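I'd like to ask you about the structure that follows.
The letters A, B and C name the chains in turn, as written, and every chain counts its residues from 1.
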Amino acid sequence: MESIRIIDIVGTAAFSIAGVSAAMEKKLDIFGIFIIAFVTALGGGTLRDILVGKVPIGWLSDLSSGLIVLLSTIATIFFKSVIKNYHNALLFFDSIGLGFFTVVGIQTGISFELHPVGCIALGTITACFGGVIRDISLSNIPLIFEKEIYATTSIFGGVVFFLLMKMGAPKMLFEVVCLVSIVILRLLSVRYHWQLPTIWKPEKS
Amino acid sequence: MESIRIIDIVGTAAFSIAGVSAAMEKKLDIFGIFIIAFVTALGGGTLRDILVGKVPIGWLSDLSSGLIVLLSTIATIFFKSVIKNYHNALLFFDSIGLGFFTVVGIQTGISFELHPVGCIALGTITACFGGVIRDISLSNIPLIFEKEIYATTSIFGGVVFFLLMKMGAPKMLFEVVCLVSIVILRLLSVRYHWQLPTIWKPEKS
Amino acid sequence: MESIRIIDIVGTAAFSIAGVSAAMEKKLDIFGIFIIAFVTALGGGTLRDILVGKVPIGWLSDLSSGLIVLLSTIATIFFKSVIKNYHNALLFFDSIGLGFFTVVGIQTGISFELHPVGCIALGTITACFGGVIRDISLSNIPLIFEKEIYATTSIFGGVVFFLLMKMGAPKMLFEVVCLVSIVILRLLSVRYHWQLPTIWKPEKS
């Protein structure tokens, strides 16, 4: 259980840092930066809980997630030049967040006895829609709609999850394999610049 | 009942196609296009269900709506040059969607014993706010806030609905009349370029 | 109780007028202006109720809030040149709205037995996030993320609320002191151009 907690913290912190970076580009004040970090890290899970009706939303009572966002925000603001140098570490932590939140979202779907496709949708919403709300809040077109194989990685992990489940694998196994396969696919897709097809001719840039 | 199912499919497909077109203008990748189509077709109903607390949201368990969106998206991407030529048919189907989703939203309100004005608000939200969420997601100002008599048509249909109900008309009748009157008003307003008044002097364009 | 009702009306009207002004800048039609006024005045409370699961949302059944928004919208459209001259009165009413909605949000949190920090978050969401949804809908970056000490004032009032509560003050007292201290801090911060620190060097402008 302790390791799950650590993975949760690592993922939340990585998502918060991504939020802080996006908010800084738009020159928000410190309140705005914190809200964008919060939305990036916890917005996907919040949307998931609203869609299934798991209310009052957890972070209103359990302050630990909000605290991680706050500490990550403060750390990023103070040490941004240092953190910038750990680009690869951040990508790795972000991938862990992507995998972990996908698994958490799928588990929520299962606990509400949803169809596997609905569960995978919840996993993707949990992992990816914090970033979507962040981008919309900052008047950007959501990054994951444009050019990265980000959400698709989460969906892929969800399919792996249910394939292993149907094959009768033990719960622990398909959760771990789902998370690990998302991390690996994410890192590979960044390394080799994989993208989803678009329908337009690529422009030279 | 079968005819209701067909109207639902027609409306969902027409809304999805409108979503795909808007997403293509912003050059999203295929995942982004699907999500925008999904939001356009099902976002209004999702917001309605969140506002009344009808959760878990239906499309998490019943995959048929999502499947219609998926098929419409694929068809639109592959046959976009063909579909473009059916502008009038699309407008007609879109009007049917506007009318049908208004009726569905009103019925939800009635089942929660809301005030008629609240029911009409839910009808308009169901029919129009998928497009609003789509436009906001794409960093556009929502189209229906700017220049078309779109939402007003839905409200008009809702008023017709409750007027007939108060007059003691049979349920089937005022549902059909509501839907048909929305379709007719929508087609007329497009044909004759009806608009809501704005408060500014019109610019020459 | 009567005085509470009047404060509620004053706050809702002031928020609506702020919404109408923002919508007019973007040259929306009258439907769009009303929706933006509605979202500005009632969007924060709606988000609060969704987060705690207090559904169906109140304004679907109780039409009084919607009516205040409607009347404020009409009045602002017809008398905008007059209203513009009452800038200080509007600021005062807006401050009252900020304080009142903060108290209402905190009370909702208490009734759901949330942690004080969760209650203060709900207070701030109630008072400030209508404006956030308005700004996002109009493709603006939310004003309160950028340069005003607006949300912070609401948070400050929330802290005052719980400090007095812990000290055993009577309920009526800490509600009134919370509201009044928010109004005073808000007026002072506008008068003396207080801002939250940003992390960038200020540009000359």
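Criterion: a contact is a pair of C-beta atoms (placed from the backbone, for glycine too) under 8 Å apart; a residue touches a chain by one contact, two chains touch by 3 or more.
What you see is a predicted model; the values in this text were computed from it and never measured.
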{"item": "Common touching chains of subunit C and subunit A", "value": "B"}
{"item": "Degree value of the rotation bringing subunit A onto subunit B, based on Cα positions, nearest 5", "value": "120"}
{"item": "Subunit C against subunit B, contact positions shared by both copies (same if over half, else different)", "value": "different"}
{"item": "Geometric centre distance via CA averages, subunit C-subunit B, whole Å", "value": "31"}
{"item": "Multi-chain contact sites of subunit B, meaning residues that touch two or more partners", "value": "50, 53, 136, 139"}
{"item": "Subunit B-facing residues of subunit C, complex", "value": "23-24, 26-33, 35-36, 46, 50, 53, 55-57, 59-61, 63, 66, 77, 136-139"}
{"item": "Subunit A - residues contacting subunit B, complex", "value": "50-53, 109, 112, 114-115, 117-118, 121-122, 132, 136, 139-142, 144-147, 151-152, 195-200"}
